[in-house]
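Take a look at the following structure, please.
When the chains are written out, they are named A, B, C and D in that same order, and each has its own residue count from 1.
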Amino acid sequence: MDLILVLGLLAPPFVAALLALVMRREPARVAWFNAATMPVSLAAAAAIAVRLARGGEPVVVGEMWRLDALSAWLAVLVSGVATLAAALGPGLDREHPAPSGEIRQFRLYASLFAFTMLVAVATGNLGVMWVAIEATTVTSALLIPLRRTKASVDASWKYLLIGSVGIALAFTGTVLAYVDFATTGADINVALHWTTLRDAATALHPRVARLAFVFLLVGFGTKAGLAPTHTWLPDAHSEAPSPLSAMMSGVLLSVALYAIVRWKAIVDVAAGSAFTDSLLLIVGIATVAVGSLSLLSQTHFKRLLAFSSIEHMGLACFGLALGPLGVFAALLHLTGHALAKSAAFLLSGRVLERYGSGTISGAPGLLATAPHTAVLFASGIFALGGLPPFGLFLSEILIVKAGWAAGHPVLTSVVLLLLLIAFGSLLVQVHRMLFGEALPGIVRGERASVPVILLSIPMVLLVWLGVSIPPPLQNLLSHAVLVVRP
Amino acid sequence: MTFSLLFDTMIAAFAVGAVAAMVLPLGALMRRLALTAAAIGSAAALALGVNVLRAGAIWTGRWDNLLQPLGGVSLRLDSLGAFFLVIVGFTGVPASLYAIGYLRHLDGHLRSRTTHAVFNMFLASMCLVPCADNVATFLFAWEMMALSSYLLVVSDPEQHDASSAGIWYAAMTHAGFLALLAAFVILAQGGSWEFSALHRAGATLTPAARGAVFLLMAAAFGSKAGLVPLHVWLPRAHPAAPSHASALMSAAMVNLGVYGLARVVFDLLPPGPPWWGGLLLAVGVITALTGVLYSVAETHLKRVLAYSTVENLGLVFIGLGFALLMRGYGYGPLASMGLVAALLHALNHAVFKNLLFLAAGSVVHGTHGASMEAFGGLIKRMPMTAVLSLVGALALAGLPPINGFPSEWLTFQLLVAGAQHTAPALAIVLPLALAGVALVAGLAAVSGVRLFGITFLALPRSPGARDAHESAGIMIAAMAIPAVTCVVLGVAPTLVIPQLSRIASDLGQPAGPLSEGLALSVPLVGSRLWPAVITLLMVGTGLAAAVAVRLAGRARSVRIDAAWNCGRIIQSPRSEYTAAAFAEPLKRVFTGFYRPRQEVTVDVHPASRYFVRAIRLRADLTPWMEQMLYEPLLRATQAASNRMRQIHSGSIHFYLALLPAALLALLLIARWIP
Amino acid sequence: MLLLALVVLWRRHVTAYITAFRTQSIVLAFVGATVAWYGRVPELFLVAVMVLVLKGWIVPRVLSGIETRRQGARELHPLLNTETSLLISGALAVAAYEVSRPLAEVMSLATRGGLPVALALIFVSLFIVVSRREAIAQIVGFLMLENGIALLALLGAYGVPLVVELGVFMDVLLGVLVMQAVVYHIYDTTAD
Amino acid sequence: MRAILFIAGQTLLLAVLAPAVIGYVRFVKARLQGRRGAGVCQPYRELRKTFGKGMVIAESASWIFRAAPFAVIGATIAAASLVPVVSASQPADRAGDLFVLAALLMLGTFFLALGGLDPGTAFGGMGSSREMTVAALTEPTLAIAVLTLALTTGSTSLGVIAGSVLGTPAYAVGPGHALAFAAFLIAMIAETGRLPVDNPSTHLELTMIHEAMILEYSGPYLALIEWAAGIRLTLLMTLAANLFVPWGMATSLAAPAVAAGLVAILVKLGVLGLFLAVLETRVAKLRLFRVPELLALSFTLALLAAASSFFTR
């Protein structure tokens, strides 16, 4: 049973990638196949999640695969966003057909990208998790310069180099922890299994564990877009084709954060949670500051969204350091962020199509030209700004509450201030796009086509999340919290 | 239980309205259904509030399956909440009915969907705010209210300044929300977020923390109620919204700020030090003066009304602040008097401001103009609107026999009684407040004359005004509801006094009787107001005089002829007094406040500079509050943001260098952490 | 191996970079072999061979491929002059020793003396990546970083589990190939 | 029933007395200026004449223009009914106090101003604007004066004030009382548009306030307005007299006392009228924008009064 579930989770993107390799002739078919099969892996993830939400045993297949509540939750997010991206990626839209080369490349790398992320989530082996996350860099970097512009190539190079070096540091951390574990003289071959490590964590040496965690935090933090090593993110996310940006911003960052959380759980046991928490607090605040302060002066709307991702990652990181309630809030926050941000990026792709310009000043009067897109985009921005009835409203309140409860009133007040700045900046920027006179020659009017309907799904889910969290999700998250903070 | 039934009806009606607006085909049917639903919902809210008030009961309800992580939705309607629910419901009914006629021009537009749906959402959230019984519910309803009203503000693309107004509004209201959140978090001290629990938690709070909570709450609710200097969004946002929405924002929403603060300081928090009241009182006086001074000088019709809202909320807060002050010094009866005065004025203001904004909507609708300078002579084209506006203008001027007067009178009595019955140290400050209120009353009268006279009397000053048209019947009918109420409450304010006294005693301020029969009476200063008698006397004399003139005048000739205009043959509207001209003397008197800026450009004939072709005068007021308080903040943020932008230079080497830098830095930090 | 890294800092010539990296990888393979011999860890031989093949032969060829593709002077222009770079790397080495102290304390293996060297290598190659302007030099730096980590693993715990090791190799290979591709893109886009 | 009759009588008295007071002031003024001047009863004749005359109504005027005079007279009479004229025991206290009276006067001004705006002539607007400005700026003075009285006598009801001052004459000589009296007089002058605030006998357009406002009125309407203005003056003078120096007022509704009170009020009005006349012959009209300074002065006086009455409390 478990095997089927894991297969169902991992196979669709992998097969799609293979098809894209072999069926070079008709990429459109591949696209259809990809879009049609991704829901399967979503369904598998959902099945796993439901089972774990009911308090069931983790899904384990051999030494390699192990999904507990935390992984299941993230698997759902990853497969869900991947499904959305696959459905809206190039090759399906008859109105704006894309060159077949692009379609092939996109389907190949995007599927691989999704696959590697799912592997990183589904594996129980921290070494393999590292390998998979490193692989996400490789697979996504090639897709960024889908249309070869100087900017996109540079962005991809930055992403590749910084990402790889950073992730290498993470590997250093992994090795350090592993070395430390080896010194305890346990069975080395299962050493990097999360469960083993966690059980043996009490035997680890605190100082080494601390050392390792610093490396891990910087390393995976680079991928998670935490300050100050977030620098590759704005370029990469803004230059990438929108479906890819949606996946990167929506879930890749969460996957990297997930890696940090995994290790945190171990180091907490070894070196006490006070240490990890304070590091996360520092990094989180810095990240929120960088993200929210940058928003106002951005000139491209995709960069705007990218910096908002940074801000939200920082917020989640902040929440992770605030005890069980904070962790719950952070996970909820990441859920909402995945929905809102992926939708926003996909919508920004539509805006780009309509206006042919990525600048905010170049896309005024959106309400007049493309009402549906405009309304959805605005809802996405407001969701990201933390307004009800969207889910991020609840999670932000929870984070603030947790911050005070955890005894950090000053830091929390700083976060509140930064949240205000972020909201104001987003507001000003989105107003620049929604209102004003549309430039002459821009197509006016828009009908409620399939993409619009697809894109309104995440919004509906966000509202659902914000008004009444479905009990299964609540249980799942509570179990996930137990994984992080037993 | 009938309460629950009413509540469910209310929510259901709003939901139906919103859904109808979203799904029904565009057109008249959708408009009628959606807005009728809104009216029904408001009526239900009104009924619920009235029943709770009359029965003196408390209605509670829970929805545990909503907002679970924050402790579910819990509802509780006591007398205070019911009173404000009544205000919302009572202003909601006319606004909804009015909108049926007012928004006809939206039929077929896509945005009519959002406009009608959001309007229902707005009403629903406003009805939920006074019912909320825990922080989660309150914050959710509060922010929904903010969001929906913001959407209404920006809903009209023809309004060119709607966008900036929306930004001001949303940014400030979000700031208020965050302050609110912080205050609640401090108050809860990590405990439960039920109001009952907060009530208990408040007792264990340190005085400093209490002060912090109070200040945060005062800032948050005060900004919603338009307290100076947090009022700057109000005169921008209220006029930008479509009139049926501004009527609700100015009449209902701002009062929910009053509700919030009253709930906190009289219910959740334990009695605080007197400086709380002192602060509110001072701010209230300043607010009232600022508001009335701007409303006298402003020429944009709806902005005049918005500033008058600021003024009246200032008066309400004078009552609240006075009550707090007196409670702080232990003068129980005075405190309850203050509370009653505040609530009464809140109600009165809600009613007449509702009327005035709807009337302003008709004027704007009928003339397609927004500035009072472009109106004039409308009384002949829009007779009904004119009559109703006259009632509103009298109320706004705080004159008998309309409802603006009794609450103002009570406020006067309040301050006199306070000055008389308290220790000199405290009493010495009250005369200043009294003088302030008196000046406010006087200037309000000027504002009332100006509002009605310049808009409706004399000759039309623009083509739009020349062929203005009267509004549809349903709009007139809708406006008639608050208009009649204005008169009723003006003649018999005592109808509501007992309820208000009970609210005061429910809030721990048992009140002495403030009414005898149909007369307000303040035993503390042995003064009474019996509006019915005075009205009777006035009307009687007036009618008698009219009859006398009629009888005596049968033989007399009445000639209709051109007005004497200092020898000019034809009378042209150009020689009329305009809104700006009317305010000129006051502008001169209060130059220090207005800081007027003028530039005169004289366009002379090329041949000789003695032949003047045209003289242009541009005059406006310096918005010094914005310049002093807000622009520095905005500049600072912008600067920080630009700095950030420079940091992200794009140099890969710098980016890479950050990696080892971060690593070493964290390693260092890691050493310090125990 | 640290010396080889320093060599890279000192030399200016691309081919020198590549040879330095090649020799470094060979030395790494050799170290791996010795550790395998003394530590009685058979699968390390396999790893050593893979290192030899992959990093000692394939990757350098890819690099020279990039090199030949790249127009312009053979000279490389570091951001900092040689002296400062050497000094900084010295400082980094010291930092590495300082950092690795807790590690050395808890270690019981005979090879623990090498750990600081490994960390130093990591830091220095990090510095190379930062301080070199040309893409190829940065790649070399990155690869040396990988070497350093591998060394750390070797000396610290006689290598990480095989499956992880394989994954790492795959990533390195893919990474280099992708880097190559992107660098070609860069050359293309900058050419026109 | 008796109370109602009494109030009616008092009000009627004020109303009937009003033209005489105007005439008296004019007469004294004329004498002081060395003219013979018209008799005290001249205003009655004028009123009758204007009442009989035909009307010219501006074609641009609306029903407001026609309604305003009746509103004005209604409000003024209502205000007059609150004033204790001959007796300190004032049944009308049950209906309203000094604030109500001020509000009613303001109501009259309100409609007068509307009537001035209605025809749409330049002067009407000018007059309305200025009249309203002055009225608005007078309010604080009145309020503080009322407060002072309330502080000393413990109530804002006119009868009570008069009564308690009557009861304890010490109040009347207190510094607060005197200052308040001065302030009240200035406010009264401003409210009734006498010199130096406004010149009731000017018809030079640019200096007019009140006259400019009613420029368009003629015939019965004009008569009503003039009459209302007279009542306004009289009632304010009566107020000044009876609140600050209530001696001679009756304390009951008994006939002899009332008669005495009647005599007393006539005397007091005579004195006040004399003062007014003297003042108007001595001072020249202020520039409009100097008027606020005068009002500021009166306001300061009132504040001082209030403050000092705290310490004498």
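As a convention for this text, contacts are C-beta pairs under 8 Å (C-beta built on N, C-alpha and C of every residue); 3 or more make two chains touch, one makes a residue touch a chain.
Keep in mind it's a predicted model, so treat the numbers as computed, not measured.
Enquirer: When the contacting C-beta pairs are counted for B-C and for A-B, which pair yields the higher total?
Expert: The greater number of contacts lies at A-B.
Enquirer: Whose Cα centre is nearest the centre of all Cα atoms in view?
Expert: B
Enquirer: Of all the other chains, whose mean CA position lies farthest from subunit A?
Expert: D
Enquirer: What is the distance, in whole Å, between the centres of subunit B and subunit C, each centre taken as the mean of its C-alpha atoms?
Expert: Those two chain centres are 70 Å apart.
Enquirer: With centres defined as the mean C-alpha position, give me the subunit A-subunit B separation in Å.
Expert: Measuring from centre to centre gives 44 Å for this pair.
Enquirer: Could you put a whole-Å number on the gap between the CA centroids of subunit A and subunit D?
Expert: The computed centroid separation for subunit A versus subunit D comes out at 78 Å.
Enquirer: Roughly how far is subunit B from subunit D, going centre to centre by Cα mean, in whole Å?
Expert: Once rounded, the distance between the two centres reads 36 Å.
Enquirer: Which parts of subunit B, given as residue numbers and ranges, touch two or more other chains?
Expert: Residues 656, 659, 667.
Enquirer: When you check subunit A against every other chain, which residues touch at least two of them?
Expert: As it turns out, subunit A has residues touching two or more other chains at 154, 157, 161, 165, 211.
Enquirer: Name the touching chain pairs, please: which are they?
Expert: Result for touching pairs of chains: A-B, A-C, B-C, B-D.
Enquirer: For a test of understanding, state which residues of subunit A touch subunit C in their complex under the given definition.
Expert: Going by the criterion above, the answer is residues 64, 125, 127-128, 130-131, 134-135, 137-138, 141-142, 145, 148-150, 153-154, 156-157, 160-161, 164-165, 168, 171-172, 174-176, 178-183, 188-189, 191-192, 205, 207-208, 211.
Enquirer: What residues of subunit B sit close enough to touch subunit C in their complex?
Expert: Subunit B residues touching subunit C: 653, 656-657, 659-660, 664, 667.
Enquirer: If we count contacts the way the header does, which residues on subunit C are in touch with subunit A in the complex?
Expert: Going through subunit C, the ones touching subunit A are 99, 102-103, 105-109, 122, 126, 129, 135, 138, 142, 145-146, 148-149, 152-153, 156-158, 160-161, 163-164, 167-168, 170-171, 174-175, 178-179, 181-183, 185-186, 188-190.
Enquirer: Which of the residues in subunit B end up touching subunit D in this complex?
Expert: These residues of subunit B touch subunit D: 376-377, 379-380, 390, 394, 397-400, 405, 409, 412-413, 415-416, 419-420, 424, 427-428, 431, 434-439, 441-443, 445-446, 448-450, 452-454, 456-459, 519, 525-530, 533-534, 537-543, 545-546, 549, 552-553, 556-566, 571, 573, 575-577, 581-586, 588-589.
Enquirer: Considering only the defined contacts, which subunit D positions touch subunit B in the complex?
Expert: Checking each residue of subunit D against subunit B gives 51-64, 69-71, 73-75, 77-78, 81, 93-97, 99-100, 103-104, 106-107, 109-110, 113-114, 117-126, 128-130, 132-133, 135-140, 142-144, 146-147, 150-151, 154-157, 160, 205, 215-216, 219-221, 224, 288-289, 292, 299, 303, 306-307, 310-311, 313.
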